[in-house]
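Single-structure report; data block below.
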Amino acid sequence: MTVRFGLLGAGRIGKVHARAVGSNPQAKLVAVADAFDKAAKEISATYGAEVRSIEEIEKAKDVDAVVICTPTDTHADLIERFARAGKAIFCEKPIDLDVKRVAKCLATVEKTKATLMVGFNRRFDPHFAAVKKAIDDGAIGKVEMATITSRDPGAPPVDYIRRSGGIFRDMTIHDFDMARFLLGEEPVSVSAHASVLVDRKIGEAGDYDSVSVILETASGRQALISNSRRATYGYDQRIEVHGSKGMVAAENQRPVSIELANDKGYTRPPLHDFFMTRYIDAYANEISAFIAALAKGTKPSPSGADGLAALKLADAALKSVKTGKSVAVQ
Amino acid sequence: MTVRFGLLGAGRIGKVHARAVGSNPQAKLVAVADAFDKAAKEISATYGAEVRSIEEIEKAKDVDAVVICTPTDTHADLIERFARAGKAIFCEKPIDLDVKRVAKCLATVEKTKATLMVGFNRRFDPHFAAVKKAIDDGAIGKVEMATITSRDPGAPPVDYIRRSGGIFRDMTIHDFDMARFLLGEEPVSVSAHASVLVDRKIGEAGDYDSVSVILETASGRQALISNSRRATYGYDQRIEVHGSKGMVAAENQRPVSIELANDKGYTRPPLHDFFMTRYIDAYANEISAFIAALAKGTKPSPSGADGLAALKLADAALKSVKTGKSVAVQ
Amino acid sequence: MTVRFGLLGAGRIGKVHARAVGSNPQAKLVAVADAFDKAAKEISATYGAEVRSIEEIEKAKDVDAVVICTPTDTHADLIERFARAGKAIFCEKPIDLDVKRVAKCLATVEKTKATLMVGFNRRFDPHFAAVKKAIDDGAIGKVEMATITSRDPGAPPVDYIRRSGGIFRDMTIHDFDMARFLLGEEPVSVSAHASVLVDRKIGEAGDYDSVSVILETASGRQALISNSRRATYGYDQRIEVHGSKGMVAAENQRPVSIELANDKGYTRPPLHDFFMTRYIDAYANEISAFIAALAKGTKPSPSGADGLAALKLADAALKSVKTGKSVAVQ
Amino acid sequence: MTVRFGLLGAGRIGKVHARAVGSNPQAKLVAVADAFDKAAKEISATYGAEVRSIEEIEKAKDVDAVVICTPTDTHADLIERFARAGKAIFCEKPIDLDVKRVAKCLATVEKTKATLMVGFNRRFDPHFAAVKKAIDDGAIGKVEMATITSRDPGAPPVDYIRRSGGIFRDMTIHDFDMARFLLGEEPVSVSAHASVLVDRKIGEAGDYDSVSVILETASGRQALISNSRRATYGYDQRIEVHGSKGMVAAENQRPVSIELANDKGYTRPPLHDFFMTRYIDAYANEISAFIAALAKGTKPSPSGADGLAALKLADAALKSVKTGKSVAVQ
């Protein structure tokens, strides 16, 4: 069976997903839509997909599934439209920045029995996936404490921050999903601290650039998250999980693994400096997983509910910072 | 100048300090006191020190300084007695488990103008000291976020835990001191989570075995602490400090640095399994620093105030766990 | 400009090169030939290339360049044919196992002014290339000593060994090329030891499975090569170059970078277990370099002369083992 | 039983051994002799040993064993004198630079049934000893290939080189001993290359500063040795042994294990810059082993025969360089 795809949004991340669909023997990129004609045409030229409007893709008989890579504020609407149109949906995270809007959207998905997968790509990073597998294989016994360190090479433009929902909803949200993925239990309380240490303008825009979070599950498992909007040494992405029998950790990734030794010491190059090179395999693997699930008729994961759960943790963390209290998560 | 020492307490840690004093060319171990005669005699035989009572050492003209390694509940009294006796004092941490008692003790030290150094030995670990030096040299710019991971190979007997003041006051207290040492600013608020994941009996004794703490300073610098009473892979002791220009970290230590490769992978041996082998250099270095300060007439550090500050953080962490709130530290 | 390609040989390595050509925006895979129709058709289906005979490709007006991935004993003949046909040629190593045959073939290439690149793919490994770049950038000063460790996960079938020309010509030859690449001077003498430690049948077939080689250049620079046909821990591929100002080394590569810690120690997974996954980037990069050279009209490297030089070192090493003498290389 | 010691030679290495004897509960440093009175007196003051002449120590009833740390050209004579005097002997390597003189000396030792241990301290390095233990425990199966990398931070004065017997006899000799220690079989042939790359003056003094050596045993096991008189990154001391079931390696050692990350990459400090700090534990452990053997009445190792065997390999390597042939070792 070949899954026939429509791509909504032909920007940076759209191109990444187009490549994943285009090179997958079980899939075919049939159509592409983008407000900017040039972007859509580029994808069309490379993969032979037809440039169409969103409406045309919505109604198309030759499209089984869509990949939504449009701006965040269109995600929930598009999910609802394509759920009703009977298409399987892969949507870039987040579904929406507002918990209520997400809940409403997921209700529609449920009612229409649509298939929805949310793009928490990091679950598909080979290194993080291997950590998860080691846990599932029992290598560390019962999970007890997770530590997630996640630092960006540099802060995004303040304009982006204004629209992103803030650091907890646009950056830490990946770590909240990773914590849920690794802890094996739902966090029930959140304590967070946040400050502006990197760029005063971020503070003026009402956001933070440096945050620390503790999550705790009902049985007392804990996750620690450390975020910064700036790391001179590259895109710092580490996870470590400690359990009753041991610990498993994923190391940072760098473009080349060489070491230079001289009178100053032993130096390895900086880490990847961009999330798209760091997570290049993760992006390819998540689309493969979506296609494989559709081809097999199984439910893809992470689901819309995973998207909602991570967003609730982000809201709780923000509330914890504002109130100075540990916040319960429903 | 030779500093003449009396040793109070000839147990495990007393022996470590006796060796440090005995091998220091600027110091001489003159006297040793211990309730168990055998322990005192052993030290006496090895280093030529005379076995005396505490009273005799208190009054001795040939003793300039004492090292207090007696049980915790005697520390404050002994500090006061020897402060009044005009001796310089090195006291194992903690001064006392009660903040008020510590404050009263320090008032006496101040009134008598006695010299007091408190045994936060980790500041003298060569690796941690090198991290601190890198920070002081400006290698990472302005300090922003510290992560301290500290896990014991195994939990102490529940009996010990009953007397120790609990995990925050006997274990995390080292990390509180390290956070103060590294952040370069005083923490003003503390959020903590704690649970019983390792041993139910620890919970029955009213304590926790797994804790996560966030400290924040007035300018928004943050420290994350992760503790567990059990780590199958050894004595896990890591610090990492992230700043505006970079990051510096101290790696774990193992008895031998070999790597075995086979069809299972590449394996390095477990870490040290005991704090006294892990911190063997730190113990020697802290006594050297005390002796050097006395010999030069400078003020040794960490001081009694450092002991008090760390204890206040421990109390605040415990209060945060109990109340579910971020606790302000005065 | 688009370079139009014919692929000769659609086996394992042919597929790898087909993908590299197929995904390169400056290239187009026009035709494919293979004695096994099924293999050729598979490539044809995936990349739209036409299945043709070698003769048809030789005469084709719509083919600018060929990639030769046929069995070793056809390489020299095909190079000569396609050189005369005016096609640019990328040929998998080796050109031939016999130095005289290679020399004759290269004479034809020179006479016809054909463009020939030989597939020493390791030069294009990102890690090894970064080592070379560090050297060229002067990071280690003047090159003095290189150490190349190269071990296969397991020995090839004895049948293969019989046809391969032996360990020096099929395995060490990569390291000879790497040594030439890194030393920056031609080796002028070779000392080698060889023995059968892995599999007695290899010895019965007249070959060795464990070899050590020293190369020396006219100015006294030295390279050490260590080879084994079997390594339980995976495909062990390391290079290290020591110079007057420092050292630079490329580390081994593994599929995932995780570490598991428990009471046995800290374990990272084994290395890649297959040369095609280990050198997946190198294979892609070498074809990109070939295409880029053709597109720009520059001379691709490594050349046929590089292939000949490495083969001469292999012959010299074998002679050194047989005679117990250091062998001069012309 | 307490072993009573005389120390012959109170220089740099004499002081190291004095400390090892002085802090060993089974030993006592009774006497010290040195041509320079001041050096002897310093040892005397610290450890309470009496300053005596070599003759006095030779005849002393209260001396069971001697540690010979005098200049190399006196070693053989002193071993013979003290063997005849019935003392147990620990002698710094080498016994002599001349194979015949060593053989004659060892004949005397044998005739007098004296106990002789030679100071190949590296066997007692905890990391190298752990490698050996892993081999002996069967962790890597049958030993096949060893790689020993040994580079000094800087070249010794040319004056020293003139007296040292050359790089093979003063530097590589440690690696020859290590190869014998690790291979588990005697090398029977040696191929070596040597050149002058570091300092022209070393060449003018008739020696080399950069050498590569292959050793082979009767069953075909191989060892590779790489030496340089200069490494900007510190005292580079690595061993790696590959076997039928795996590989075991000892990593380099540095004074502190920290890592600094910034926009230039991740940097660890240089290695130890001095053999006495790098091998501080090895020096202490070898004397402990000597004392333990005397106390137990067992034969200490490495023996005089080990010293002779390493020297023969050094001579063979030199001959290989001069003749361009692989040299057989008897």
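Going by the order they are written in, the chains are A, B, C and D; count residues from 1 in each one.
Operating definition for what follows: a contact is a pair of C-beta atoms (placed from the backbone, for glycine too) under 8 Å apart; a residue touches a chain by one contact, two chains touch by 3 or more.
This structure is a prediction, so every number in the text was calculated from the model and none was measured.
Between B-C and A-B, more C-beta contact pairs join the chains of A-B.
Using CA-based centroids throughout, the chain positioned farthest away from subunit C is B. Averaged C-alpha coordinates put the centre of subunit B at 57 Å from the centre of subunit C. Averaging Cα coordinates per chain places subunit A and subunit B 42 Å apart. In subunit D, the residues touching two or more other chains are 232-233, 245-247, 261-263, 269. If you check the complex, the residues on subunit D that touch subunit B are 126-127, 130-131, 134, 139-140, 245-251, 253, 255-263, 269. Those residues of subunit D that touch subunit A in the shared complex are 232-233, 261-270.
The residues of subunit D lying in touch with subunit C in their complex are 142, 144-145, 147, 149, 151, 189, 191-193, 195-198, 210-214, 216, 219-222, 224, 226, 228, 230-233, 236, 242, 244-247, 324-326.
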